[in-house]
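Following are the structures in question.
The following pair of complexes shares a single chain, chain A, combined with chain B in the former and chain C in the latter.
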Partner chain A sequence: MLPKRYDQARPFATLGILLLGWLLLPLVLKVFTRATFFEIQAPLVVADSYAEDLRNFWSNRLHSKDELLKAGHDLAGLFAEYSYSTQQNAELQAEILRMENLLNLPPLPAFRFEPARVARRDFSGWWQRMVIRKGSNYGIPVGAPVVFSGGVVGRVTEVHQYTAVVDLITSPTFRLAATVSGDNRPFSYQGGLNDAFKSPRGAAEFVPLDVFATRTDPRRVVTSGLGGVFPGGLTIGVISSLESSGDGLFKVGEVALDERLGSLTEVTVLVPLNPEDK
Partner chain B sequence: MRRYDPRWLIVFGANLLLWWLVGLANDALAGSAVHLYVGGLFVVYASLQLDRKHGLIALALTGLMFDAAAPVPFGTSLFLLGLVHATLLYGRRQFPREGSVFGIVVAQLANLFLFIALSFLLVGANPHPADAWLRLFVDLLASQLAILLIAPWFLALQARAMELAHIHPETGRRVTV
Partner chain C sequence: MSRLIETHRARNPRLFLFHGIVAAVVALLVGGLAYRQLFKTILYSERERMQNQRRVIVPGPRGNIYDRDGQVLVGNRPRFSVVLDLAALREEFRAEYKAVKANYSKLAAGERPDTDQMARIARASVAQRYLDRVNFILGRNEKIRAADLRRHMDKTLLLPFVLLDDLSPEEYARLIERLPVDSPVQVYTSSVRDYPHGSAAAHALGYIGANNDPESEDFGDESLRTFKMKGTVGRSGLEEIFDDQLQGETGGAIYLVDPAGYKVPGKPLEQRLPVQGRNLVTSLDIELQEAAETAMKERTGAAVALDIRTGEVLVMVSKPDYDPLTRVPNLPPERAFEKSGVWLNRTIQGRYPPGSTFKIITAMAGLRSGAIDPATSRSLCPGYLMVGNRRFPCWNHNGHGERDVVTAIRDSCNVFFYKYGLETGPELISAEAQRFGYNHPTGIELPSEFKNPRIADPEWRRQPANWKGANLPDGVWRPGDTANIAIGQGDTLITPLQAVCMVASFARGETETKPTILHDPNRPAQHTAPIGLSPSDYNVILEGLKQCYQIGTARFARVEGLSGAAKTGTAQKKPIELAWTIAFAPLENPQIAIAIVLEGDEDVAFGGGANAAPVAKAILEAWKAKRERPPEEKVEFKVKPPPAKNLKIR
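Entry: the complex of A and B
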């Protein structure tokens, strides 16, 4: 009877031995195994992204000449607008440099813009991440801010050879110092309010008591530029209601985030030019 | 000469294919804020049809593959899948292993366990855990429904792959047609 029982319990004994072996395995081997398994599946993750690019290419080839001419006309207008913005930007940069020299201020962190295609989105109740199609081959570092036209997307958390993983602003693990636009007092922003079939939201905590926001007068929440990798002034979302926190010392509220975060196909990674500035 | 036994590779390959397809589905569902988790489906064939050694190898590789792509402590899925595998092996002799109905039931129960275990592990990071559970409940419901639809195809795919390789899944002996 006993041998039979032992035979039945063998799977658990095997699991116990496996677990013990796993716990005793040196960390460097675990890191190596993790990287290896990620790189093995990376081609699968990016393959469908490349297939979609190809599909878009062929569908764009089907457009008529009239449609292309109209698109070209629209683009010419945009190009003129952006040219003007570029000139203005150059003037403002020169002005900032002049002020920095005049007031003997430390220079603002400088970034190189690295556009990247989104290969895979993985938005669960546990985590909110996306895989982009650029990694250490483009010099992307861990912790680099990721943005899009609507503001902050997230932060690079893992860098692999040809891909990188971005922890989204909607993720419960994402936290940064924010301010209300036009105010310089920082408060805490954390992602993680992601109800099904609804737009993503984040939580604002430690908001000063004299900051007000209502549905009719919502306030834009931006990065503070303090204590992190994100430059100041990048849009996070909009806050439309604030209420007193439990202890009455601060206010708390929910930040409505950009709906386009769920359907992004292209993002920009801000690669610090002087990594020691971080 | 001893013939190479690819049973673990066949099951791991099938799991990899399912993982990729579910990843595609999750990518498409990202805008709707719904996420599918089908970890319970990886265990069924490996635990009910394969022998202990090959089942464990296939599941260990599947667990590591899942852990490598998820922000969980490396080895979490390896342990959880291993635990489900050991439990199924423990009572395997009493289970009716033929047919897909029992496989679907096992997949549902295993997925429920894995989903809840992962949720307890990860939900603490959320600023409003109560709200997070509501979202997780919707994800779980969608996942269980997805398993109900996918399981018959996936189990048949693994069985068919073994047939094509002319291998008996439990004994590893060559099967002549």
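Entry: the complex of A and C
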């Protein structure tokens, strides 16, 4: 029997051995373990998400009939507006197709829109990633762009059977080719370290010197469409000040992102129809 | 039995020696350690620092060069490259090396590559894997050059290894969007000179060359092993003469490295960002410059225009020119043999006899000396003048008839100027040319200006080197020489810049103009010695030039709605002829002076009026159009450069 003082150290020794074992474990096993863990955890996350939906359902049931009628009217208005927009879009798409054929241009990247419910947000890094309630069961691929009505949300980085992990636009590991709306020269947009209680922000780098933005005349930053992942023209954020980089070759600035990124419940995954567009 | 039992006495004398030796050795070691730790601390810490620190020097981008309206003439263009961080691949190199070794283990010992070769194969294989990923994203099919990788590993390990250089913006966009942020493959940005207006004003702006040893004295410890990225140095034109201002401030970083020389992950120990050099605002006007370049076409020659008030150079064209980025001459294939002349800035280095433009000087000398009286001086031009027994022709072989000074200037009558040049005398003509600065360089802020312009006169001829150099039997000045210099022929040689300075000076009613190629919006008007002509005498010459511009030999320079004065000239510089036109406008308030010289083909007549005057016209038209443009259409100064004051000339 070990002396008492060694007994007390046993948990630490065990932890150390386990850590050492984990470190020495082959990478394949680690990846497998992590994926398995995620898959086991996924039903809980999904169930929790459904439970929250149910809670919202019952809380919505508490609204009075007057409120529901008013909401119904508003919804009907919105529906009419969107119906009109859809018709316009169909006409524009037909026109684009006609022009493409006329000019013998390659077609623009086409996507299938896959709406998905946000199942979980990582509170330890709120602005960094989110889990959506659709995965490979809906054909969501790794790298697919994720958008919402305000623009870019992020990019799918992991796909599981029933869930997918989205790297948010606010994440330091997220980078894309952006342009200022109306310009076609690409620059780099990258997320940064975002505090959970502050407005989300990202960084613009390598902005051409003749692009100007001020508080009174801010510029909308959009996806360039040149990178091959995101279609062009999606809103990233707004840039309201640009300053010269240290070497004087470019400008750098901070991009203010949409405040709604913190409270999203529904997003859309753009699934490329042509595998080459991935 | 007793031998089996060893007894140890506390005081074994034999052990004393052993203990003593051990104690001495320990003391020596401890002493040595203490000595090194206590007294050699600085030396060893310095050695350690030298061993595990490396300095990287990054030259700053050069400053921009602007025209007078703020248009960028020479800027910097970002150059995107894909680079590989080799330090991040060490694990992969090791794993690949094992795999390579295992593959070759089946071969016989003699056929197997040695350790170094296998390591190189492994590194190239890993690098190629990453390049294949980039190839996939960009749709390329590039291959790693093992020799380049090896050279990089041997000499510049600390710097990123360039996989692909000079990416297009689209390729750059694809890579930043598709490569993970923490990938060993990254997009690296440097700068290259950019010429938005191509070869316009190439000779004035100059070009740069590579500098493998950029300055690094003021960053970090010079004794550290240093890796320097290539810098630039001005090799000609403004790039050369203002190199100190245009050079960026060198930046760099000091990194911690491991014993193998790889960068230790983490932030550099010390870092300073490179800073762009100071901008330069030239007096050139790119609109006028491009108008002149277009009008010059592919002909050989020079065109200069000055702001008469300030002496600022508005246009400086020298043809043929070259692409300043690639330094490839802009020459059609049939003229490729002329390459040597491509690098000559003919505006300040071209040595040309002034031809009939010199008649203005002769007229002034005659008027000032009294040899020409505007009221009475006449000559009858039959198409030639006999000087001694030599026949001196007029360009109009049929003769001009009777000409006074005004009409002689208008029609550029040689006979009139032979006659009155002889009456004035070579000394006074020469003195007059000297008053207008024809005997010294202008001192413009450009390198390699022609240092020894000359005015041929008796004194110059007397020097043996000059008459012997001209294959003359003696140094005697003859009347025929005077006749020659009176019409700008002979041994007088000037540059187009000197000619335009003379025009600007005359237009102001003064004698000298100091040209500058730097713009200063607050530059005061120049004032030099007065021209020394009575107003009536001055107006006589002016009238001649005005008529020349309107209906005379320079009428092809005339711009509708713009008053002006001009003079053409055709000079012989065997075996070619030179076409000259000098002009200024507007007549009532002179603002722009122009000098054009074009070199003709061998043994082909080449008149100034027909060839050079249209170039002057193109410049005047562009100047007029710009002047008449409503203010709101004028080009705004997009990037405000600092004032070009106190610039040091190299």
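Basically, the second predicted complex is superposed on the first by the 240 of 278 C-alpha atoms of A that agree within 3 Å, B and C clash if a C-alpha of one lies under 4 Å from a C-alpha of the other, contacts with A are read in each partner's own complex, and residues count from 1 in each chain.
Everything below uses one rule, namely that a residue touches a chain if its C-beta (ideal position, glycine included) is under 8 Å from a C-beta of that chain, and two chains touch if they have at least 3 such contacts.
Predicted model, so just to flag it, every value in this text is computed and none were measured.
Chemist: Under the stated touch criterion, which partner chain does A:Arg129 make contact with: chain B (first), chain C (second), both, or neither?
Modeler: first
Chemist: According to the stated criteria, A:Pro115 is in contact with first (chain B), second (chain C), both, or neither; which is it?
Modeler: After superposition on chain A, A:Pro115 lies in contact with neither partner.
Chemist: Could you tell me if A:Pro107 is touching chain B, chain C, both of them or neither one (first, second, both, neither)?
Modeler: neither
Chemist: Is A:Gly72 touching anything from chain B or chain C once the two structures are fitted on A? First, second, both or neither.
Modeler: In the superposed model, A:Gly72 contacts neither chain B nor chain C.
Chemist: Figure out whether A:Asn194 sits in contact with chain B (first) or chain C (second), or with both, or with neither.
Modeler: Only chain B is touched by A:Asn194; chain C is not.
Chemist: Contact-wise, after the overlay, does A:Gly227 reach chain B, chain C, both or neither (first, second, both, neither)?
Modeler: second
Chemist: Thinking of the overlay built on chain A, is A:Ala177 touched by chain B (first), by chain C (second), by both, or by neither?
Modeler: After superposition on chain A, A:Ala177 lies in contact with chain C alone.
Chemist: Counting residues of chain A in contact, which comes out ahead: chain B or chain C?
Modeler: The partner making contact with more of chain A's residues is B.
Chemist: Show which residues of chain A both chain B and chain C reach, each in its own complex.
Modeler: 172-173, 190
Chemist: Show me the residue ranges of chain B that touch chain A in the complex, using the header's touch definition.
Modeler: Those in contact with chain A are residues 16, 19-20, 23-24, 26-27, 29-35, 37, 52, 56, 60, 64-65, 67-71, 74-75, 78-79, 82-83, 85-87, 89-90, 118-119, 122-123, 125-128, 131-132, 134-136, 138-139.
Chemist: Give the list of chain C residues in touch with chain A in this complex.
Modeler: The touching residues are 60-61, 76, 78, 137, 169-170, 172-174, 176-178, 180-182, 189, 191, 248, 251, 273-276, 638-639.
Chemist: Under the stated contact criterion, what part of chain A meets chain C in this complex?
Modeler: 172-177, 185-186, 188, 190, 206, 209-210, 224, 226-230, 246-250
Chemist: Provide the residue numbers of chain A that touch chain B in the complex, in ascending order.
Modeler: The contact residues of chain A facing chain B are 8-12, 14-15, 18-19, 22, 30, 33-38, 40-41, 44-45, 48, 120-127, 129, 157, 167, 172-173, 190, 192-198, 200, 203, 205, 262-263.
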